[in-house]
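You will see chain A twice below: alongside chain B first, and alongside chain C after that.
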Partner chain A sequence: MRKFSQSLFAIIISLAFGALILWLMGKDPVSAYMDILRGSGLMEKVKYSGRQNMFTDFMSFIDALTPMIFASLAVALALKGGFFNIGIAGQMLFAGFCAHMAALFIPSKIAVIVIGFIAGALIGALIGWLKYRFNVNEVVTSIMLDSILMYLITFYINTFYINPVSRQSKSIISGARLTLSGFRWEGMKLDIALAFPVAIITAVILNWFIERTTYGYEIKATGLSPHAAYYAGINVNRTALMTMTLSGALAGLAGVSYFCGYLAAIQPGETPLIGFDAIAVSLLGGNNPLGCVFASFLITVISKGTIYMSSRQNIDIEIASLITAFILTFAACSSFLGRRRK
Partner chain B sequence: MAENIVEFRHITKRFPGIVANDDVSLSVKEGEIFAVLGENGAGKSTLVSMLFGMYEPDEGEIYVRGRLEHINSPRYAGSIGIGMVHQHFRLVSNYTVAENIVLGLEPVSKIFGIFPYVNIKKANHDIAELSERYGLKVNPTDVIENLNVATQQRVEILKMLYREAEILIFDEPTAVLTPQEIESFLKIVKGLRDGGKTIILITHKLREIKAVADRCAIMNRGKLIDVLDVETSSTDDMARMMVGRDVSFKTERKPAKFGDVILDVENLTVRNRAGFEAVKSVSFQIHAGEVFAVAGVSGNGQNELADSIAGLVMPSGGTVKLNGHDITRSSVREHLTAGVAYIPEDRHNVGLVLDFTLRDNFPLRQYYTGKFSSNGIISKSEFESYGEKLAEAYDIRSGQGGSTITREMSGGNQQKAIIARELDMKTPLIIFMQPTRGLDAGAVMNIHRHITAERDRGAAVLLISLDLDEIMDCADTIAVIYNGSISKISPASEISTDEIGLYMMGVKTA
Partner chain C sequence: MLEMIIVDGLSFSLPLFIMAIGGIYSEKSGITNLALEGFQGFGAFTGAFVTVYLYGIFGAESSVPYYAGFLFAVIGGGIFALLHALLCVKFNANQVISGVVMNILAVALTSFLTKRINASMFGSNANKFMLGASSRLTIPIIGEVYPFEVMIVIVSIVMWYVMYRTVYGMRLRACGDNPHSADAAGINVYAVRTVAVLISGCLSGMAGMSFAYSVSANFSPDIYLGYGYLSIAALIFGNWSILPSLFACLMFGFARSAGSAVIHQLGLPSSYNDLVRILPYVLTLLLLVFFGKNNRSPRALGQVYNKGQR
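Then we have the complex of A and B:
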């Protein structure tokens, strides 16, 4: 309950700051925020182009929401186990890339999900292993792996897998893509995120896993007090390795639902911003899997809706990142303020 | 009569679920040693913390030298001449003594009259002088981490004196000291008083109060019971007021009935983290129904001995047998299933997951067993009912019952929780490591009673303590550890405190 009010506080303060900035720029904050809701398919726009309406907007919002849920779950699980997995972006990229490659041989949606899960898990396991074998700080390894993976993959795409027109990687074939793009139904053109139900189910299962299983108990004990966990007879190293492996696997699911779902291709030379926003989302959600779903919803409303808002209000799209950054700052502050006692 | 230097008027302070101080009014006179006595959770630390600006009272006022003060930070408290030595020292461990003392108030000189730098020579000189003046022996250039606890405490005291504090607060100052160190600490305190300082001493050790204090406030459950002149009051009276009932100081014990050998330790050698042999070829046996107590000065291998028998540290040589089974190289969990309960010294970092709820801490050592989970799925209802059962059986008090975050509980109740958890496993061997450190008389009694009860149940008890009184009260057999070796093992009835002391200091060896 305390966490919930902290999060609410962070959101309100951040939106107020955002409004202040909009106002200083000479814009009307209320109509700008309403445009954000319109852009996410939560309010009716003034007019729509052909085969589009509020529902199609909402469906593409869900499409953008799906990888965010997975990514924030990855952060939340790692934090429960005492790890700060800041390298979600790199793990996503690696998983997305592996799935692209696999889809060339096995064009199946199931294969994409499985490959993404495994690829992410491998990177997570590597970070966990480096931590317990050599005691290398996971923040350092995960952020360094981000760069290593990004440049390796960029090199490969630019050399072997480039689409010369779009300057992106080739697109994944539609049979393996996790989003049904341009699906025609009732005269509408919809983007259907097939991984969305998986994301929701994953959040529910993860919550149950953390709260109701002995593994979850071990992860929490290890995260909060490794010495006490060791005294309890918990295999601390194995638990740490398992936590990071699972966190990486969730990041991998985020990767495939992003690069093989929401997008169909990989932009070389970049890591996905979602990987970093996920940290804010997880903090905002109180590192609780179900909290993450709601926080993902909110942050995605802002990031997705701002595209429409920026074109309507003639404001740079970076305002979305700015508000998200505010939320991150305040969420972090309030969670620290909350534990200041004693 | 000297005048009042500190006055608390109608102080009330509440924490969630607890009234820590309930309308407390008392005054401290200039130049006296004023003791505040009470059980853990009686509110004595809270009261004094408000004087040092760590909390602010919800109601009531604090007057210092007749002036109403709103002390909202330790910094402000310092500026009006109030200093405090906390139970856990606040020193930078890789700085020298002098650097620690001047930290924040460094003597500054300027190169070429422009560039400021810390004049450490002057600091060293000042500290040496200060240490001389108050008879507090320290070497200004020693690094803190190389010093023993008693010396670190002297550094803390000098830190206050350097800041020209007139009112010196000590929070449980003797909890970590050996008997000899306590003696010298009490002398220091008297010396400070004779030098004109006002001393406020938070403690629950009656003997120390009797030895040094002029007056003594007694608190119980947040309320001030009385303020007594120490000279004219007996320790029995003080104890009764503190606990709110009669306390007998000696635990009633039936004579021990030894059974079979439960624990058989042979030539046990344990290296510490630095690779140094902390326990050297130690051998002893503990029988069913025996309390085997290990006395010794802090840092003579007690931690390593306890940790290795409990399975937390792998011995480098020798064997440990429990009921004839070799458990020398078993894991922590194998030790548990074999039947070794362990109450560790560090209850905050090892004994408990402080940020867990009380209810989640109870099954810490058994959560994986069929009692609390099946096929890896935890039984919430079992967690809940078990928590209620233990809290009830061991009288563990907490603000919000089983959902209380353990960190927010008092030290005594935290320790009770650990003891409840370990004893409830009904194991053949129980290791108590410093079980009553920092606890009040009531809690100590309670724990000693548990130790005796476990013995009478037929368990083998290994009690490791720095507190000689505790060892004399509880032990059937006494061993003394010095420099990693056991220098003496004797039936408790055949050895005197003085003799143990000589073995502890290494004056006598076997």
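Then we have the complex of A and C:
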């Protein structure tokens, strides 16, 4: 309950902050915020172009939400086990890339999910293994691996897998893509995120896994105090390895739902920003799997809805990331303000 | 060709080095600093803004905008760093999370403000501040260097002296190793750490402005290329000491410029540069794996200091 009120506090303060900025720019904050809701398909827009309505907007919002849920779950699980997986972005990129490569040979959606899961798990396992075998700090390993993977994949895409027109990688074939793009139904053109149900089920299973199983208990115990866990007879090394492997696997799922779902191609030369946003989203969700779903929902409403809001209100699109950044900043300090009062 | 490698290598290594020194100050005082990336970007933003603004007053020929730009990059980086200090020292925020959030905030804030300022003050739609090319000084033996490289060398010598030869430097290192003893000896741990983070922001701001000149000749959100993380790699490689970090930065810089030169010489497409860019990270990772036991971070690094806690 305390965590919930802290997150709420962070959100309210940041929205007030955002409203202040909008007001200083001479805009009406209330109508701007309503436009954010309209942009993410939660309120009716004034007019729609052909084959679009509130439901299609909502479906594309769900499409954008899916990778964020997976990514924040990855952070939350690692944090429960006492790890900072700040390499989500690199793991996502690697998983997305592997899935793209695999789809060239096995054009199947199931294969994409499995490959993404395994590829992410491998990177996570590598980080966990380096941690317990050589005592290399996972934050450092993650940063190094992020850059290594980003440059390697950029090189490969630019050399062998480029779409010369879009300057991105080639698109994954639609048979393997996790989003049904432009699906016709009842006269609407929908983007259906097939991975979304998987994300929700994963969140529920993860919650059960952490709260109700022995493994989950061991992860939590190791995260709270490795020494105490060790003396209680928990195999700390194995638990650490398992935590990072699972966290990497979740990041891998985020990667495939992002690069082989929400997007169909990989942009060379950059790591996905949601890999970093997810850290703070997980914090906002109190590191609880179900909390993560709600926090992802909120952050995606803002980032997605602001595209519409900025064009309607004639405000720079950058306001989206600014409001998100404020929420994350207040989340970072508010939860610890609360802890200090204990 | 050799001269080009040295000139290019130095113009990349030195900004990296000054940022790594900033990181060492912060981490030696016990504050984990992943926010260097954000600091350098924010510093470059304020510096570039002041430079472009002063172009309008002094004209593009004057050297006043150039040096004023660096001054304000230092100030801007420092002010932004105070936010990280506030979160880590005052609010007991988790330092890794605070660092990541600072980076997100810096990207968002500078992209937004650059556009707003361009629209309202300079009447343009661009998302960047054009700086123009930096003038160059000719120094015997080394060749042509940017003026900021000379500044960096002078500042880094001063920073080395402060860290290892002054009372403040000693206290700072004590705060990172054992804040409770430092406190018992009458040192104000909170103040020392705040100043250390402030310094890291100032030095990063200087580095960011240098990158703005040397890499792209403008400030735009493209400045967030991960050089902040590279300098963190350098300071870990250098075992949290200033001189070994200089060695690491020089190695990173020369590997980069030599690699580009070789690729250029062999007539390979420029995408092969990305393979060269991997080197510093792989080297750092291997070093940590094989010599990790000798590599000692400050003992209280990343721990929240709470005066009442024993």
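The criterion applied here is as follows: the second predicted complex is superposed on the first by the 340 of 342 C-alpha atoms of A that agree within 3 Å, B and C clash if a C-alpha of one lies under 4 Å from a C-alpha of the other, contacts with A are read in each partner's own complex, and residues count from 1 in each chain.
Operating definition for what follows: a contact is a pair of C-beta atoms (placed from the backbone, for glycine too) under 8 Å apart; a residue touches a chain by one contact, two chains touch by 3 or more.
The structure displayed is predicted, hence computed values, not measured ones.
J.: Which of the two partners, first being chain B and second being chain C, lies in contact with A:V140: first, second, both, or neither?
T.: Touch status of A:V140: second partner only.
J.: Looking at the overlay, does A:L73 come into contact with chain B only (first), chain C only (second), both, or neither?
T.: After superposing on A, A:L73 lies clear of both chain B and chain C.
J.: On the superposed three-chain arrangement, identify whether chain B or chain C touches more chain A residues.
T.: After superposing on chain A, more of chain A is contacted by C.
J.: Touching A:F84 in the superposition: chain B (first), chain C (second), both, neither?
T.: second
J.: Regarding the shared-chain residue A:I115, is it in contact with chain B (first), chain C (second), both, or neither?
T.: Touch partners of A:I115: none, neither chain B nor chain C.
J.: Where on chain A do the contacts with chain B and the contacts with chain C coincide?
T.: Common to the two interfaces on chain A: nothing.
J.: What residues of chain A sit close enough to touch chain B in their complex?
T.: 211-217, 220-221, 224-225, 227-233, 341-342
J.: Within the complex, which stretch of chain B touches chain A?
T.: 312, 331-333, 335-336, 342, 344, 346, 349-356, 360, 364-365, 367-368, 373, 376-378, 380, 407-408
J.: Write out the stretch or stretches of chain C touching chain A in their complex.
T.: 32, 34, 83, 86-87, 91-94, 96-98, 100-101, 103-105, 107-109, 111-112, 115-116, 119, 226, 229-230, 232-233, 236, 269, 271-272, 274-275, 277-278, 281-282, 284-285, 288-289, 292-293, 297
J.: With touch defined as at the start, can you tell me which chain A residues reach chain C in the complex?
T.: Chain A reaches chain C through residues 25, 84, 86, 130, 134-137, 139-141, 143-148, 151-152, 154-155, 158-159, 276-277, 279-280, 283, 316, 318-319, 321-322, 324-326, 328-329, 331-333, 336-337, 339-340.
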